[in-house]
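The following blocks contain the structures, represented as structure tokens.
You will see two complexes here that share chain A, one where it goes with chain B and one where it goes with chain C.
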Partner chain A sequence: MVRVKQRYLLFTILYPSGPQSANSTTSKPTQSMTFHSPSPSSLTRTSLASIIRSSISSNFGDWGIGQCGGFAVKYFSPATSTGILRITRDNYRILWAALTYTRELCGQPAVIKVVRVSGTIRKAELEAVKLAEEAIRRVKREAKGAKNGGGGNGDKKVVAGVFAGGNSAQAATAINDDQDDEMLVDIVDSENDDDK
Partner chain B sequence: MEIDTQAPVAEVPAIAKAKKKYDEQRFTVRKPEWQYLHLRMTFDPPHPPTYTSPSYPPDLLTWKTHLSTALNQFLGIAGTAIPIDFLHLEGPEVWMRFPREDATRFIAAIGGWGSEVEGRNVGFRVLGSTEFLMGIVGGDGRDVFV
Partner chain C sequence: MFYDLNIPWTSKDDPELARTVAFLDELGYNVVALNQTIAGKIPSKIAGIANLIPENPFPDHPSIRFLRRVTIILDDPSQNYGLTSLSNNFDIVAVRPTDEKLLLQACTSLECDLISLDLSIRHPYHFKYKVLGQAISRGIRFEITYSASVNESNARRNLLSNAAALTRATKGKGIVISSEARKAMLCRAPFDVINLATLWGLNQEKGREAIANGPRAVMIQAKMKRQSFRGVIDVVEGGGVPKSTPKEVAKTTISQKAPVKRKAEVGDNNGTAVETATDSPQPAESAKLGGEATPGECSETRPTKKQRKKEMQAAKKAAKNTLSGSVGGEWLR
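Let's turn to the complex of A and B:
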């Protein structure tokens, strides 16, 4: 019995100019918040898959689609602009290249950055949690630098809101929902540690 | 007696030296840089013999266009990035070269391609594919070593 080996690609979408729809909710976005801003709500797992597929097709043709057209978007959160792709191990570099060559999403310039290649989806998820923590810490630091002191309780709400938004906007699988709950707990714990 | 015994002793190093000097040297080219290809553009229905027109026999730009179309369909932009050198053009046939690493996918891409141009089905036929130029220019190459 031979097992099919897979690779899980954790990616984040960066918006050099910031999506037009996202700026309305935040009162005064910091620089890193603009760069890592949420994706437009029209970007879903299925639409993302078709965009990636067309990128593979234009860059690697029929052969490329044949090699790695069988990828799956396992998870995508428009709130954090983070997602996980699954692909067979032999072909993950083609998919990676196709992601790198993607220049715009939903009509606005975007960069898809592959943050981590992993053999299990669990490790990719842990990395996603770490990334989210870092992003929040960075935003807090920038906010503190801006007005010399930030709110303590408000941060938890921000974190909860970010991940809750991700869940409601995106119908994830049952496993992913469980993982998201864990993420939330992890983040709140570590934030408390930081405050002490 | 003395001469008999000493003469061979003196000769042995001389023979060894001579053997070393003219020892057979072998050299194998393991990974050549280029793959050479002899291609013919096929037309169906075929052109009558001695037929000529502005579009037949195809010129190098036509070759480049059709090859790029085939490569773009099968390999996308990555396929059109394969650098092709046309070496010789004669009638509907062309001799060309490209990097050896791309040989498999290149031949797969152009071999599976077909299109309709001016009411005729156009395709490519690979007449020869080799890692050495001698393999497609004809002859057994013996005249090189005269």
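Let's turn to the complex of A and C:
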């Protein structure tokens, strides 16, 4: 019996309209994080799946749904707006195109960017952790530059701003299964390390 | 390096354009061409078309290189478009033919760098390799713009069929994909675009070429046309001898050391005798080094790199020997 080959798509959601007014209260985002913001709380794994499914059906019709309706949202973190999808290997390009053609999520314009296509979920997870760490490092560097320039923005404050809604991330761990739990802990850990 | 050769220019103070550029930076593009479109009747003196785009419009994005591009919408086959004079003001000159006749004209004779077809509408004619192949053999590439297809479903349908027809007619060669995005939300990341290209009949490699190497070729070719002599020869550096090259230093040391070695040979022929014996094919060569003995003969048989290296080693050894002894130590001081 041949094993069913899968592909795991790691994606991030970018919000090109910039930070929403609701988030701007926490802290002013730095330049590199202009388009990264936490997703609205109404966006969950199930609602995301239904949005993607409707995008597939509008772009690829019944045939598309039949081909790749069997995808699964393995992980989604609204705090970092990253997630992992699983799909059979033959059809991942259709799903990817459907993601690319998605224009808005929960009423605000959004661009879904596929960061990595991987054969195992482990590699996708590692990449997600790496991305989060990189983002924190970038923000810290920028914050340092701002400090030298005379802007008094503390590191902690900026990092807190990046992961605004960090509480919701922790709440999300309760819902997710073990594997995802581990990964989120990883992300949160790295955040703490950088705080010191 | 990823390229987006079509971002419509509005004005420097337009917040949407600035946001689009920032978003492209975020998505990972390295070169962005700002596009100025000229439609309708061309003024008689075409060179008078001012370039409204400043040299470096967004200095707060140091990682992006900006190009300035002009697109001329062709709608009159009888009109003479003096495109060559335009290329002095712009980095890239593109044309957008509106019917088959003009497409043929653009492919065969017009002096442009890029042919940008509006693929979001239905064309009443087919793309033929006979026509498009002429443009490709002249080094002109075809542009597919995707942002209209992201925005609207009707445009998406047309783009799918047109792009598939274009890739079939060009056999996947000479295609450039760019966005033509008027809003930041219509841009897509390079790899997402490559994935879209696979839906149009390109494969992964050709899709990547359409967004990385293809646009680069367009950029460089346009630059060559503008700057170089007949598009063939370009002076990259002014020439001249660079000061204090290490080669020259090495030569002088050899010529200085050569007599030292000979003295060493005379004085104590321990190490050097062995060394000269090893390069037996030209035993006289090492002695002649530095042009001391007979300068005329030296030019006949130049020592190869390997031999020179060996001789250098031999000379060094000899110098050591002489230092430990007393003969000729002053040469090294």
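We take it that the second predicted complex is superposed on the first by the 142 of 196 C-alpha atoms of A that agree within 3 Å, B and C clash if a C-alpha of one lies under 4 Å from a C-alpha of the other, contacts with A are read in each partner's own complex, and residues count from 1 in each chain.
Please note the rule applied: contacts are C-beta pairs under 8 Å (C-beta built on N, C-alpha and C of every residue); 3 or more make two chains touch, one makes a residue touch a chain.
Not measured: the values here are computed from a predicted model.
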### Message
Looking at A:70, would you say it contacts chain B, chain C, both, or neither? Reply first, second, both or neither.
### Response
neither
### Task
Using the superposition described at the top, determine whether chain B or chain C touches more residues of chain A.
C
### Message
Taking the superposition on A as described, I'd like to know which of chain B and chain C A:145 touches: first, second, both or neither.
### Response
neither
#### Entry: Which of chain B and chain C A:119 touches, first, second, both or neither
neither
### Message
Looking at A:58 after the superposition, I want to know if it touches chain B, chain C, both of them or none. Which is it: first, second, both, neither?
### Response
both
### Message
Per the contact definition in the header, classify A:109: touching chain B only (first), chain C only (second), both, or neither.
### Response
second
### Query
Common interface residues of chain A with chain B and chain C?
58-59
#### Entry: Touching residues on chain A, where the partner in the complex is chain C
14, 16-18, 31-32, 34-35, 58-59, 93, 96-97, 99-101, 103, 109-111, 113-114
### Task
Spell out the part of chain A that touches chain B in their complex, as residue ranges.
56-64
### Query
Can you list the chain C residues touching chain A in their complex?
19, 22-23, 26-27, 60, 150-151, 153, 156, 183-185, 187-189, 191-193, 195-196, 198-199
### Task
Using the touch definition up top, name the residues of chain B that touch chain A in the complex.
71-79, 105, 108-109
